[in-house]
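Just below is one structure, and these are the notes that go with it.
A, B, C and D are the chain letters, set down in written order, and residue numbers restart from 1 in every chain.
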Amino acid sequence: MSPDPVGIWLIGAWGGVSTTAVVGLAALQHRPASETALVSALPAFRLLDLAEWGRFVVGGHEIRRTGYALEARKLHDESRVFSRELLSGVSGPLDSFDRNVRTGTLLGVGRTIESLASDDARATSGERPREAIERLSADLNAFREAHNLAHVIVVNLASTEPTLDEDLTGLTWQQLSDRLNHNDPLLPASSLYAISAMLAECSYLNFTPSVGSNLPALDELAREQGVLHMGRDGKTGETLLKSVLAPMFAARNLKVLSWVGHNIFGNMDARVLDDPVNKASKARSKDHLLTEILGYKPQTLVSIEFIESLADWKTAWDHIHFEGFLGTQMTMQFIWQGCDSLLAAPLVLDLVRFTEREWRRGTSGVMTHLASFFKSPMGEHIPPEFGRQFELLLAWAAEAAGKSPDG
Amino acid sequence: MSPDPVGIWLIGAWGGVSTTAVVGLAALQHRPASETALVSALPAFRLLDLAEWGRFVVGGHEIRRTGYALEARKLHDESRVFSRELLSGVSGPLDSFDRNVRTGTLLGVGRTIESLASDDARATSGERPREAIERLSADLNAFREAHNLAHVIVVNLASTEPTLDEDLTGLTWQQLSDRLNHNDPLLPASSLYAISAMLAECSYLNFTPSVGSNLPALDELAREQGVLHMGRDGKTGETLLKSVLAPMFAARNLKVLSWVGHNIFGNMDARVLDDPVNKASKARSKDHLLTEILGYKPQTLVSIEFIESLADWKTAWDHIHFEGFLGTQMTMQFIWQGCDSLLAAPLVLDLVRFTEREWRRGTSGVMTHLASFFKSPMGEHIPPEFGRQFELLLAWAAEAAGKSPDG
Amino acid sequence: MSPDPVGIWLIGAWGGVSTTAVVGLAALQHRPASETALVSALPAFRLLDLAEWGRFVVGGHEIRRTGYALEARKLHDESRVFSRELLSGVSGPLDSFDRNVRTGTLLGVGRTIESLASDDARATSGERPREAIERLSADLNAFREAHNLAHVIVVNLASTEPTLDEDLTGLTWQQLSDRLNHNDPLLPASSLYAISAMLAECSYLNFTPSVGSNLPALDELAREQGVLHMGRDGKTGETLLKSVLAPMFAARNLKVLSWVGHNIFGNMDARVLDDPVNKASKARSKDHLLTEILGYKPQTLVSIEFIESLADWKTAWDHIHFEGFLGTQMTMQFIWQGCDSLLAAPLVLDLVRFTEREWRRGTSGVMTHLASFFKSPMGEHIPPEFGRQFELLLAWAAEAAGKSPDG
Amino acid sequence: MSPDPVGIWLIGAWGGVSTTAVVGLAALQHRPASETALVSALPAFRLLDLAEWGRFVVGGHEIRRTGYALEARKLHDESRVFSRELLSGVSGPLDSFDRNVRTGTLLGVGRTIESLASDDARATSGERPREAIERLSADLNAFREAHNLAHVIVVNLASTEPTLDEDLTGLTWQQLSDRLNHNDPLLPASSLYAISAMLAECSYLNFTPSVGSNLPALDELAREQGVLHMGRDGKTGETLLKSVLAPMFAARNLKVLSWVGHNIFGNMDARVLDDPVNKASKARSKDHLLTEILGYKPQTLVSIEFIESLADWKTAWDHIHFEGFLGTQMTMQFIWQGCDSLLAAPLVLDLVRFTEREWRRGTSGVMTHLASFFKSPMGEHIPPEFGRQFELLLAWAAEAAGKSPDG
């Protein structure tokens, strides 16, 4: 008897990364597709007994009105990704996943994201936070029941929200919960989704720099509910390279004088980040890393600019000015030309698979072994170097493969 | 009572890397100089009780006729390195180190290097290999006695030799030794120097891609003589970056389609590599790495070109073409603009310090924990990833700091 | 009454540039297609009364056996160019052009190109040069008659041939013609095609670095026959940039110390250039330019490497090291990522249109006003700067627009 | 009898560009120095009878308190320019030029520049505009008399000022002059200096993006006074390249989709531009060019960032995204690593020489033939392409060499 299916619930369900993840999943389920770029497909994880691709069912919350096939076709036209054969081969599954998408919430998303909303989404704008949470949780429970799902993993892939004005790290779950009754959206949407997920006994992953579950109160809730969570901000391009290159400068005692990173791209994400309120969250997430790895703070500059013609192709130019022996100044530059959604989407599928596997082990709380996937990994004592973060994943895999009753 | 001094014996004593190492050492000994770029100065090695800079005395073998002050001045003029204040502050020590330089051997260096030789060096060209070894060994013994040295560490910094025609890996030390009587320079100069060093009870480090001590017969000799050795080919620029970046592509399951590296520079090293016979050794040393790290062989191309105007400034452009999710092709490029001698010289000083420390522990043979310094590290089961190689050094340091009777 | 059609006869008819030119022409004829990248579509040439796209008919010589639709589909798959809609929209015209392709000659193409030949092409290998010329001329005459063509313009787009061993610049047409009787392929294929074209009263354009019509004897023949010709080597990427950038260094009296250009790509052209015999012609064509523009010879290096994964995407990295005021050394680098066939093809269509226009004016011989299209333009007193070459084209256009009886 | 000396009066006399120009001039006067990077030293201008370097005397206005030798030494230390031999060889002349520097004005320079001022400069802050003009003019007259100068050419090299709030282009000189009596600094310092220069019968050049003499009223004054003027904003790096490269895209009908330029450097200029009020003038000056050359407006972005470690080394990364044939998108990137002061200084000396030569011809008003030196050249009907602007200079030279009574 084959095991029960597993649910993937995407916040920002019809966005670029979600669409790409869903196209990729459908291809892995219905056509012979390559597993290139899927970390979970590496030989190192072969003994882990990860869930087969065929077991996953997709649903999600969204505040715009569109569909997978349409968004995928747009990506194809604007960014020259996906072959036409691929798209026609997965159109059936895409339509069926479309039917699982429900209206999200606009509470705490900021003005720029609000301006993109459909009428359905706008119609919910009178909700108080607790009402929104109840509606979103109900969607998750209905999804689980309709598809007989063993577990549902919620992944936040929505555009970056403005930063929080208030420091909420001192609150307990009880204190936070009390405030949800008031018509005061003190929490950003990403945290409301996290609470909804946890109350519905779903695990929660935050692939964006938004707050999400990164509050002590929500970790408390996760443990109470016996669910897993992790975040923040998928590490796909420039920051990945920083976490790979900075350790080399540190290990060689080369003194970084300045590190300038200039990012240009033209997808929806970039358009939202063009609003300075939203950009602040992002730049913050990209910048703390160097100081942690190097042990001192060089002058750094991270700029992110919306250049429409580039569509989903993110180009990053990094200029690293460093001092070598006897005061000699040298330079390293790199240019990264990657397709943003195609870099992020496989990591989303990997995270879901690894989370499902950990859920089977029966633990709850923050999954620090997934640190290598994130720009600002949650949890304590996490090394900032990518290499060391990846060793955490390998160590977890070895342990999980060994201890697993079914592995 | 202060401990006995330690000898550093440089093969290619007046070359660019040697000169820079000696200028740097003199600066560390006689002026307040920064320890930037010295790995051994990192906090991680503070408890190791490494030798103070003041304890080192320099000598060496050379086949050209020049001197440290002159070569340092040339580097300053052509490559805009070293301040004039620095050079005038170390002129005394440079002159005293000059007096310890002796005539090297031309046996097996190849035509291009021969063409650079002084009359003194040409005068030795009638020597048979065994005679050359005896002369070189005698120089080392005289150096030790003259300066009352606790130990002498020989470092090969000479230009790259042509590759070996004959496979000598099957020979024992006895078999190899027997052949040294014949007037047949089957061994390259780098190996003759290694033998001379070991017979004189010195440790031997090979910072070049030449053969040096990389033969089973010479490891046998090292163990017999109770000395340490390691090589080959200092990892300073493009290959360092490859060993740092390729693990990222592997960990993310991104498929490298092609990796092109184009190196241009204009120092003596580049001039010697302009002879295709010498270049073969170098390109081989730079290329095997990717296959080891990735587990498959992408198309690779490494070119090295002599561009005179660049002098010691090595510029490397690397173009990495890779496949991501769903067949999407992406690109990363980097440009490295480093000053070759200034990158290499501090590593030479680090290697000497780490070797002296290990010699105090009383071991002999290959020092695999120094793998992170080399493009093609000698020894068994060495991971090709820079991060993992550096962990070997940290682990050795922890062990040495703990076990050391004096540490 | 609409004017008679004009013939375009492509040597290397099914190669990448030819295929792209033909796809583009068909798109301009049958669908609303953008004229971006067509020089002849610039406002500056609006008054010239150039031939409408609909008037052109395509034929050609080829030594491989394939077809336009197949080659276009291959370009789409390997290099992600042309949309599927475009390809399906032009499949009819492509098939009809296929029917005008005839078997070329293998005389003097070199071993690498020979290895690509179809059986049909191999079957002609017993021909003497004069026989080949007669056959090729007959194909051109038949093409003209079949389609009632006002004029036929032959364009050489075949892969680069080995350089000539013998200097033929001293020969008259009579002397050269006499030697064509012998079974001695002293002339490369490109020149045999040029002779065939001229004897059939067609104009001839050489878009490759091969010899083609670049011999005094052939210019004599062109004038005798009243036809036009021009070459050599389409200026599409790195050399175009050199002819644009070097004048700036000259005008500012900045002294270029070295100019290194590294080209990587993976199409058929690159594969043929991987044979050193063929590469020699190409590198020569790319290198003389700097000396002409700067008035002195800096160290230059042009390398061209076959990197299969890049397919038609040619990436060039150029590193320009220059000296400014008071001996200060500075650097400019550029990276060009262009699709080779898509850069070349519109220029082919432009050249044909400009040639047809000049033919209507009744002149013959070398068309120096087309210099801006070529790396090594034929003719006397041609400025090497791109800007000045383009002014020649503008001046010709002004004159032709003014003087033309029908303009 | 040797001709009278000529005065160069620098506004911002001890800034980086001024200091470099003065060091260079002193080197040309007192030591055998190379004329590399001096446009006026090109063979094309040999027949012009330009003034010998030995004829120039330097003075200037400055609001900081320092000196040439000190500033030159700072450039040497921070940016590794000038050899020590050069600096010691010109210390005498530098000291004598120092004695000709007078206190400038702070009227209309903006807060950031004010914060750099010496006490002497602050002491003038009560002046009304007309008083400042009278004082500055008196300094110029005194300089001319003291050194018996044939003509004085004032060059504005001060840091960039904030943009003007009020549109003054409608005013006549009389109307503008009337307002100078009020204690209302409606004019920026650069224009006050221009008026002072013209009233003292000096010519005026504006090497910065500040307003300077770029007002109809001031052109009127220049003609009345019989003096020459020109500006604005020396074209030294990224913009020079834009004016060279954009014409290529235009000539080939390649459609520029976006052009992103990112500039990083760390000198005083960059520090002042770090104030957004000052940056606005600069970015405006760099951006209009593309639209003029291309004939349409692609998305453009010019960012300028202060990165302290780079000192005078300006690095610009430009990313040009363009569309070729059949909608194919391609990319060109360039990286410019130039030393800002060393690029600008020779142009200042050239401009002075060319201006002195034109003054001898007896004309007055705007010198449009100097357009190639400026980012935003003053005057009517000036082509935006660098190549065409340089042709204007060549044409002027031909005319001046021919017509000159003394040439």
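The criterion applied here is as follows: contacts are C-beta pairs under 8 Å (C-beta built on N, C-alpha and C of every residue); 3 or more make two chains touch, one makes a residue touch a chain.
Owing to the predicted nature of the structure, the values given are computational and were not obtained by experimental measurement.
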Touching both chain A and chain B (chains): C, D
Of C-D and B-C, pair with higher C-beta contact tally: C-D
Chain B and chain C, separation of their C-alpha mean positions in angstrom: 50
Mean-CA-position distance for chain D and chain C (Å): 45
Per-residue overlap in chain B, given as positions that touch at least 2 other chains: 80, 331, 333, 335, 337
Partner chain C, residues of chain A touching it in the complex: 80, 84, 335
Chain B to chain A touching residues, read off their complex: 20, 23-24, 27, 33-39, 41-42, 81-83, 86, 240-241, 244-245, 247-248, 251-255, 323-328, 330-339, 342-343, 345-346, 372, 385-388, 390
Chain A to chain D touching residues, read off their complex: 80, 257-258, 260, 262, 264, 299, 301, 303, 305, 307-310, 315, 317, 319, 321, 329, 331, 333, 335, 337
